[in-house]
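Next come two complexes built around chain A: one with chain B, the other with chain C.
Let's turn to the complex of A and B:
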């Protein structure tokens, strides 16, 4: 069994076993209809692309036992509720809503379809037939930071980021702590784009960071613009979401990627077996949800070995990117030495750690 | 060869026939498109046009989606007829949503029946105020309102972003950028359990009716039209060009502001970073496909709404990628607009053939 992390919000989640209803015998021969809702087009790389890889894995593994449909580019507003409802209404028994903004619509629709299993990515509300899943992206970020810290010559790292929500801050801070663990002089500069997907703005932000001396960039946005910009200006970049090496073969050192395959396959299996239950999963490298993409050969063997070793320590639970002492960049101690930040504290992160320059936009 | 000849007067017959021509062309090209992708064209059309409109839920969704389009489209048309180009309805909608949310959050504890009217009033005023900026810049500095109103869309969106990331962020919401869910008194009640259409649709219809009176039946509408079609004549007749700008911009802003409140108080139920699925821009298309006449805009809005819903159901039913549904939607709109050329021009064959 996969360990299920205990969000405080799980108070919403009654552990009612939905499986009974799902197992209703008659459907045994019919394929299980699965629907996915994507916030952007699938494209060649990025958030949605990773979910779509997992969808393909479902089709490959379960063949004609399942019938999988997806709807892409569904805006996170009133429209998403209709799409989710339509999927439920047209007989889809397992629905993956893959963006945070689908949370309230999913909860609303789920009330009307007690026999449908809803899976919502990255949110915090659950219900008896709504489970949530998320990945510990920050673990990959920490390792990426180690690579960046080793590789930089200017000791200035650049970070193109979308919105100052906890998930993004966890990434920035873990990246910074990773970099400074091997290079205490490393500093991180952040530029906010206020958009998850805006290649023009992302590129501009990347260019600005480069002109401010950053020689390793990374990003928490959906396009490949940052990697491309780095490639053009002959600096390094670390991709996010997907392996972005083909968009900047020289620049791309590695990427912190998500892999939902394990989760989607297991969830599908549970629904097929009539054993699906609501819950909250926050999996990391150990669970295979977060991975580093293959390293660029310019990364030294020594660094690669170090990253491997640290990865092993994270998996073994010996290393935590937020093990104390953690200080914010105003000098305030957030986690004392000897303690480790709790999941709850991470979920509420609203500061930069030491080593990040500037102030958070409020 | 083919050439176009100006008709002495716009043809009434052609203006009835062109939508049919456009639909016929869309069906033919759509059939080719679906067939080329290996899908049954009949299935494709069924998914696009029949599926979304063949259930009570589908019809309610159609109204939910078409309501804001027709309301904003009519508001914009008042300006467009006077050659006042408000491209920023999206921003005015956002301001309406923000102001409506402000009222909703301020009276969070109240269960007064006045909360909703207060939200709509605040939203309408905020939308109009946002539209007043380009109107003022135009009348005072002769700044092009196409640019200024469009720029203000981005400012409005950043303002919205700041609010939901900052002061209005739900304190219980794990720092995610959205306001708390509105209290019951700040929400429009659906007409029927399980459907999402609310009185906002009636407000939209009322708005269209008022727009119709202004455009087609009032002296004000006549003056606006003259200002647009013959500015010199309007000046000669003593019609105030500045007033046309003000009326034109404010009408669009007012309508968009109301539509913004209807979104947050209706299907969304809170303020989120993306309250509008682009209604402010789609309404521009609705206005032009409807030939800037309120009745036409109603039908155009229903059609555009149907295409949206059809696009989703085509993805679900046929596994078509979103881009293909976008191509199909664009095709219909382009044919509709392009066929309009036949109203003013007639097609002639052959007379001035180039020598081989």
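Let's turn to the complex of A and C:
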């Protein structure tokens, strides 16, 4: 119900804007119309919030050269196809579809609008006018793991995770490898909530991990419930997506965040210049897509310096979270010493690395 | 031992919103009104409670606002089904959807705002007894409220004259009307009580269980509460036990995962519904059981003139 009603508002706004544009006359150059589709409300933190920060950056930088519109809470699937199509029909020449589940609808709609540039986040299908972009979240996870490994006293780290897909596993495994690089005794416990977004379950999972001895938690789910639970129980937490320090000022050590600003500004510039081309981008810390949030003062200067140094090595290409040897937690060697996991192998990851407890649910 | 205590404590917390909402629905159904809009009323209660608490900083005012929001929505429902005699199933479903949309809309400015929720507070002295202290005397205040409400509902329905009248209205509104009882007014009262309890359950979620507001915070707990009433065959004690059972399933599953035990979590999530269907099958085979507990006029409108 909601996507439809909020979309209507957008449509009215679009119609009104079009009216204004016509009234203003044809002498001024028409602004580039940009549309963004969000899977949830913008809120104060989280996946969509990060995309919206980048949207604001576009508006700030390009001013009246662009006209930016967003539609929030668009369900993946049929609803999203309608919203994306309407955006294309109402003259938007650059459309960001910011959720994995918009992949097929985007590809489908794009075929009918060859002159519109479509940008789809985290998917794997491209087309003549559909580019994809993603971030190497695991690089931030590795650094977060280093902080967690240094900070833990119980050597048990807790991870609240949504679904066992490669993107989430990359995070869990990189976090584990980061932690064990500074603390070989650290072990990671994972609890799957089978939901991207159920604060009740996320909190319950966090509480369970704490009662089983975890003293640093992190999460790959969309709410701030994990950080809040940690704060309540006086253990540490590492946020995800956004800086979540205000949700648990004492618990929050840092957060592994993404920042789409650079990508959105560059893409917009390319479309304005008429130089946009389809492609696939998977950027990391080096490109400014992945960042660590400011550290809690409880993290020692030594650890903070170490993280800075490692960050520099990742940027320089000297450190890779999946440089061999990589063993899974059943003891099987996945990457031999001296080699580094390829992007393709990473995107098919379906195992826990050494240091993660338990078995992956099938 | 410690983790056993942790499991019990978490189970009670997870079961409390289910118990609250289901007890309210039980009273409404006992009067013959089937309100399927529990999920919507819970969401309204959750958002109203959170908004009030976040704006004023007063958690108990938040709880009160949650209750009022639940009552307000159930009043709309009561007008439609009791006064205007609309179809209860259709109206209830509409209420569930309406509550979901309304709460999402009203909650926009509050999405992921942060408040300090209602915390568990060990009772003085009693809370310090080893094992028993954390097990029985260390919950947040609303858990005790829910237990008191459980006692009150059980006592009211089976030990008071007013409770008897309410059940009579649910069994046979015609007879109750002939004897001179105000059927419509009683059904209003029962429906509004159901709304208040659903609102309280919602406020518990947004103020104590997960102190934050996000769209769809209840995540289907209203539907589980509905299933629970049938599962419990309209008995308050079984409602309470069922709430802890359904609440405990998730908690146990998480603990099992943390210990590295493989569990089919999707199956466990479906358990409340499977159990309810099982109970439905059993009680509908035994007509006597149904007659004993299920209100005979459940879901049927009543015209005073018929």
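Odds and ends about this structure:
In this section, the second predicted complex is superposed on the first by the 334 of 362 C-alpha atoms of A that agree within 3 Å, B and C clash if a C-alpha of one lies under 4 Å from a C-alpha of the other, contacts with A are read in each partner's own complex, and residues count from 1 in each chain.
The definition used in the following text is that contacts are C-beta pairs under 8 Å (C-beta built on N, C-alpha and C of every residue); 3 or more make two chains touch, one makes a residue touch a chain.
This structure is a prediction, so every number in the text was calculated from the model and none was measured.
After alignment on the shared chain A, the placement of chain B and chain C results in a clash.
Legend: residue contacts after superposition of the two complexes on their common chain; A:228 is shown touching chain C, with no touch to chain B. Applying the stated contact rule after C-alpha superposition, one finds that A:41 touches each of chain B and chain C.
Legend: residue contacts after superposition of the two complexes on their common chain; A:75 is shown touching chain B, with no touch to chain C. Judged by the touch definition given at the top, the superposed model places A:189 against chain C, while chain B stays out of reach.
Contacts of A:198 after superposition: chain C is touched, whereas chain B is not reached.
After overlaying the two complexes on the shared chain, residue contacts for A:361 are found with chain B and with chain C alike.
In the superposition on chain A, A:30 makes contact with neither chain B nor chain C.
Once the two complexes are laid over each other on the shared chain, residue contacts for A:273 go to neither chain B nor chain C. Looking at the shared chain after the overlay, A:212 reaches chain C, while chain B stays out of its contact range. One listed stretch of chain B collides with chain C once both complexes sit on chain A; from 26-34, 44-52 or 134-142, that stretch is 134-142. Note: residues 41-42, 73, 194, 361 of chain A belong to the chain B contact set and to the chain C contact set alike, using the contact criterion stated above. Against chain A, in their complex, chain B makes its touches with residues 57, 61, 64, 158, 161, 165-166, 173-177, 181, 194, 196, 263, 266-270, 272-278, 308-309, 312-313, 315-316, 319, 321-323.
On chain A, the positions that touch chain C within their shared complex are 1-2, 5, 40-46, 73, 158, 189-192, 194-195, 197-205, 207-209, 211-212, 223-225, 228, 232, 246-247, 357-359, 361.
Listed in rising order, the residues of chain C touching chain A in the complex are 2-3, 6-7, 10, 14, 97, 100-101, 104-105, 108, 111-114, 119, 205, 209-212, 214-217, 219, 221, 250-251, 254-255, 257-262, 265-266, 269. Residues of chain A touching chain B in their complex: 35, 41-42, 69-79, 81-83, 85-87, 89-90, 100-101, 104, 112, 124, 163-166, 194, 347-350, 361-362.
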